[in-house]
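Next come two complexes built around chain A: one with chain B, the other with chain C.
Right, the complex of A and B next:
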C-alpha cells in the first residue's frame, strides 16, 4: 500500500472514531431515560438510615433502669462547638449524676465525638434527623427531653458492673474482675 | 368594506390562535424540558404543582410576574427595558410566515392557513434571526455589568457567525423549490421531503440552528459557570421571563422551520395537516433537550472553528453540488 493510502486510511479511522465518540454519549443518555429515577420524594418517602448514622442525641439507661450518665464532663470537653453543658451532683448512695444536662441542638454539628468520649455509653446519637423547630430556643434540649428509657445501641451494658465501684455488688463480683488479694496472707 | 372587515377579523383570529398555541407550547416545552432532563439525570423533575406537575408553567409564570423588576444602577434604561421584548418578539414573529395547512374554503373564498404568505418568507425568517441578535447584544450592553457584556459579545459573535451557514444551508432548498415563500417550499415537497434530497443541508441547518438558539452545547453567551447567566445576568422578574419565553418560542420556531424546509411541512397521511406540523415541529425541541442532556459546552475557539472552517465551506460545497446536479439533470 502506498504511504498516502495508509495515511488516508488512518485519517478515515480517526474520523470514524470521533464520530462514534460523538454519538455514543447519546445512547448512554437515552439509556438513562429508561432507567428508574433514584429520587426519594422526601416528605412522603423516607430513607431508612443506617443504625449508626448521627442525628438527634439521647441519654440512655442501664439494663436496671438507672441513668448511665455519671456527669464526668468528657462529652462536654470533647464537643468541638461546646453545645453540651451540665452540672454534676452526688446521690445519697454515693453515685454521681447530672443534676441538669443541656444540649443546644442549634449549635450541635452531629460529629459524634461526645458519643466516642462517653465512658458509660450514656450519650448516644440516633438516626432521627427530623426535629427542626420554629424558634431557635426550642432547639435547646434539657435532660428530661434527652433521657430515654432504653439502652440504645448496647442495651446490656452496665458501666457499674464493669467499673469495680462498690456501689453495685461487692469487690470481686464485677464482670472480668478477680477476687481481691488478701494482703494479710503471704502465701503465693 | 364588510369584506375588508372580515379579512381583518380573520387575520386577528389567526394571529390570536397562533400566539395562543405557540405561547402555551413554549410554556409546556419548559415543563417537558425539565421533566426530560430530570429523567436523563435519573431524577423525577417537577411533580408538585398538580398531577405530574402540569400546573408548573402557570406557577412559574405567576412567580415571574410577581417578582420585583429591577434595573441596575448605571444601566441604559430604555435599551435595558426594550431588549428582552426584542428577543421574544423576533422569535414569535417567525410564526407569521409558517404555513400550518393547505388553504381552506370558507364561504366560497380561499383562506390560506398562514398568517402572512410573504413572497420572501425565508429571507424574513433569516432577517428576524439577525434582529434577534440585538436582543442579546443590547440586553447585555445596557445592563452595565461585565458578565452581561461578555455574554453579549460572545452571543453577538456566535450568532453572526452561525447565521452564515444557516442561510447558506437554505440556499439549496430555495434552488429546489424555486421560491422564497414558505408556502411554496412546502408545496414543492409534495413528492418527497427535502431531507431526502438534501441530507447535508439538513445537518448543517440543524447544527447552525442549535447555535442560533444559544443552547447547549453552544450556550457560551450564558455559560453559567463562567458568566453567571451571561447577557441576562441583571434581568429579573418578567423581563427575564421574556428572554426565557423567547428561547423556548425560538426552539418551537426552529422545529417549525425544520419541518417546513426539510420534513415536508404540514404534509402527511391520515392525520390533519396541523397535527402533522405539530408532530414534526415537536421533534426538534425534543432532540435539543436530548442534546442538552448529552453534550458538554464547547470552547469558544472550537465554536468559531466549527462555524467558519467546517460548516460554512460544507454549505458552500453543498450549494455547488446541488447546482451542478440540477444543471446536469435539467
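Right, the complex of A and C next:
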C-alpha cells in the first residue's frame, strides 16, 4: 500500500472512533432513564456499610470487660505511616497495658494493617467514616476516645485465656495447659 | 570449652564455598565466617558447644565425618564438604523447631524478648508457620529472681546457656538446672535474688523470653529503641555497652562485644548503673546566682565574673568520669588562661598512685582484660577486683579455669569467683611484701639490681608467709605469661610503680615469644588520661582555698562534696570563694553553693572518647538528645497536645562545648577544638594522633616507657597505728559506692545493705559478732552500720564503704583512727527499723 493510503485509512478510523465516543454516553444516559436511581441523599440518608469496611479505629474490650490491648507495639510497627504511638506500662495488678495510646487520624490511611497485626484483636477498624474535623489536632485521638466498651467484630476472644502468663489465672489454668511441673519430684 | 592451640589449619567446603580455618574450629563458626548463619540455640562462642538443642544440624557430604551432624559439635577437618541447605538437614531443623514450639506458650505479645527473639527468628526461618500439635502444653511455676531478672519458665527451650554461663563462666552457685527429662527446670532451689554480680548476662544470653530484663519489663520493643554503642563509665576497664533509649530515657544497657576488653559480658554495675541521666533532681537549666537563665547569659556572666581574677587564683577541678573532649578543653583552658593546673584526684595518695601507675604503663607491657585470661601466673596486688573493676574478676576466673595460678596480696577480704591464694597484709606492708616476692622472682638478674636495691625492706613475716612469697616469686619467674594487677584506690603512691617494675623485669627475663603483662586499676573511666595530665589533688586545693591562694573555682563533672571525707571543711571553704561555677549533670549540694551552674550532658547524650587502663581509646556515641523523659511531661495521662521544635529540659550541653565557648568568650584560643587539639593535650598518649577511635578501640600508649629498663621507686614510711586502734579505710564495693552508679536509682534501690568489715582477731578482742549492728565513734559523729567479720582480712583495719546510705562522711578527715574498744554493738531496741541504715537525726 502506498504511504498516503495508509495515512488516509488511519484518519478514517480515528474519525469513526471519535464519533462513537460522542454517541456512546448518550446511549448510556438514555438507558439509565429506565433504571431505578441509586443516589443516597447523604447526609440526610445514610448507607449501612459492611462490618469489614475500614473507617475510624477503636480499641475493644475482652468478654470480661477488661481492655484488650497489651501494648505489644505490633500495630505501631505495622502501620506504614507511623501514626500510632503508645507507651507500654505495667498496671497495678501486674498486667501489661498501654498507659497512653494515640492515633493520628490526620495521617492514617485506613489500610487496616494495624488490625491485621494485632494479636489480641484489640485494635479494629469500624465502618464509621464521619469524623472530619476543622483542625489537625482534633484528629489526634487519645486512648479514652479510642477505647469502646464492647468486643467489636469478635466479642468472644480473650488473649489471656490462651497465654501462658499469670496475669489472668495461675499456671496450668489456661486453655490447653497441663498442671505445672513439680521439679522436686524424684520419680522419672 | 577447651580449644587446642591453633597450630594446624584445614580447608573445608561449606555450601560450595571453600574456607581455611584452624583445625577444630566448630563448623558452625567456620560457616559464620563465610556469612552463613546456621540456626542455633545452645551454641554461643563464649560458652562453647553442648549439642543440647539439635538446631544446628547440617549434612556432611564428604570427609572424615559423614551424615547429619550437629555443626557446633564437629570440629573442622581437612576435606570436609558440608551442606547447610541439604533437604534432609532442612527438614530435620524444621522438625526440631516444631518440637521446641510444641510446649511454647502463646505469649509473644506480652513477652519482652519479642522483636529480638532467636526463637521467633528460627521458627520463621525454619518454616514452622502452622501449629499441628493440639495436645495440652507443659507449664512451670516461675521464680522471683530478684530486681534484675524476670523469669517466665514456660518459654524455656532448654538450651542450657544460662546455667552454663552462671556456673561455669561466672562461678555462681545459686542458679542452675533442676530435675530431669520433661521436668528440666532452670532456676534456683528456692526463689530469691541471684547472687552473682554478673547475673544480668543471662538476660542477653537467653535466646527466648524466659529470662528478660526486669527494670525495663513491659516498657518498649527493641525496634523502637534508639540504640548506639557506648562505653561503661563505672570503672576503669571501659567495657563495651549498647545503650537502648526511648522517649528520652535510657531503657536498658546491654553488653557489646569487644573481644579485647569485656568479650561478650559486662557486670551488673555496668548494666544497671544508668538512670542518673533521668533523675528528677538532675540540673537541666543554666543558673546564675540561683536564678534560671539561658545558656548565653550564664556563659557571659561566668566570663565576666572571671575577668577580675588574677590568673593564678583561678582553680579548676575535673572529674575522671568526663570524656576526653572535656578533659582536653579543661586542660586547654587552664593552659591558655594561665590558671592553676586542673585537679582530678581526691588526695595526694591517690594522685600519686594513679600517676605512678600511668608512668609504668607502655604499649609493650600493658595487658588487656583478654590478656588476663591468657596469663598463667597472676599476681593481684592491692586490688579488690569485684569491688574496683568487677569484670576483672571474671577474667581472673577464666584464667584460673585454664589452669592459671592466682595470688592476691591485699588487706581486704577480697571475694573472688575463682580459686586464688590469698595473703593478707596491712596496706603499708604491701610494698615490703611485694619486695620480698620480687627478690625471689628476680634473684640473680643483673638488670634487676637497681630495681631490687630501690625496694623497701620486707616487714617481719611469719616463716610460712615468707616461704609462700618466695614460692610465688619463683612461679612468676618461671611463668610463660606472668601478669601483675595493681590497684590504685588503696595503694601507696609507689606501689603501682613497684608492681609495674616487677612486671617489666619479668618480661625482660623471657625469650622473645614470651611476654609479661601489667594491668593497673585506675580511678574512673578516664583515670589514665587524667593521671597522665598530672595536676594537684583536692586536699592541697582545699588548703589553698582556705588560705586564699585560690579564690575562684570551676568544677567540671566532679562530685567533690559527696566524695570527700571532709564535707564540712569544704563547705566552709567554698563560702570563702568569690566565684564558684559548676558544670555537671549530677545533682549535688555543690550546685546549691555555686554562683553559676552550667548543666552538662551525660555520656548517653554527649558521647565522647574514653581511655581505659590499657590506654585503649574507645568511643561512646551520643544515643539520644537530652530532654525530660516523656513520662514526666504527660498532661492528663498523655503527651502534651502541642507541636514543639525541642523537648522540655533539653538545655544541657556537652561539658566540652561549655568550656570551649567559655574559652572563646575569655578571648584566648578560640580554636576549632578539633581532634588535633585533643591529641596535643595528651602527649602521654601518642596514639591519639591517629584519629578518633575505631569500633573496638585502639591502644594509644607509647610503645616503650621512658626509663623503663631500670624502674626505681622511692621508699615509703608506714603510719604509726597505736596498739588497739583501728585505721579507718574508705573502700569501694561492687554496688553502691562508685560515683555515678550510686546515683542510679536501680542500684541504689537494690544494692545490698551497706556493711563495715573487721578482722576476726579484732572483732574477738572487742567482743563483736558477725552481723551485729555497730556504733562507730567517728570524729564527725557516730555511724551506725552492720558488721561483717572476716578471717581473711588484715587486722588493725576498719573498712568503711563510701556508700551514700552510710554516714561515712562523719569520718571528717583522712587517716582517722578509732579505738577498738570504743566500737560497740547496739542493742536490739536501738537497731534501725527495716532497711534504713542511716541515722539522719543523730547529733
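Everything that follows uses one rule, which is that the second predicted complex is superposed on the first by the 146 of 188 C-alpha atoms of A that agree within 3 Å, B and C clash if a C-alpha of one lies under 4 Å from a C-alpha of the other, contacts with A are read in each partner's own complex, and residues count from 1 in each chain.
Keep this in mind: contacts are C-beta pairs under 8 Å (C-beta built on N, C-alpha and C of every residue); 3 or more make two chains touch, one makes a residue touch a chain.
Not measured: the values here are computed from a predicted model.
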item: First (chain B), second (chain C), both or neither touched by A:184; value: second
item: Contacts of A:30 with chain B and chain C, given as first, second, both or neither; value: first
item: Contacts of A:41 with chain B and chain C, given as first, second, both or neither; value: first
item: Touching partner for A:103 - first (chain B), second (chain C), both, neither; value: neither
item: Chain C versus chain B, contacts on chain A by residue; value: C
item: Contacts of A:73 with chain B and chain C, given as first, second, both or neither; value: second
item: Chain B versus chain C as contact partner of A:114, first or second or both or neither; value: neither
item: Touching both chain B and chain C, residues of chain A; value: none
item: Chain C residues within the chain A interface of the complex; value: 105-110, 114-115, 134-142, 152, 154-155, 178-183, 185, 187, 217-221, 223-224, 247, 630-631, 634, 637-639, 641
item: Residue numbers on chain A that touch chain B, as the complex places them; value: 25-26, 28-30, 32-33, 35-39, 41
item: Residues of chain B that touch chain A when the two form their complex; value: 36, 38-44, 47, 290, 293-295
item: Residues of chain A defined as touching chain C within the complex; value: 70-74, 76-77, 87-90, 96, 99-100, 102, 119-120, 137, 140, 142-143, 159, 162-167, 171-172, 176-185, 188
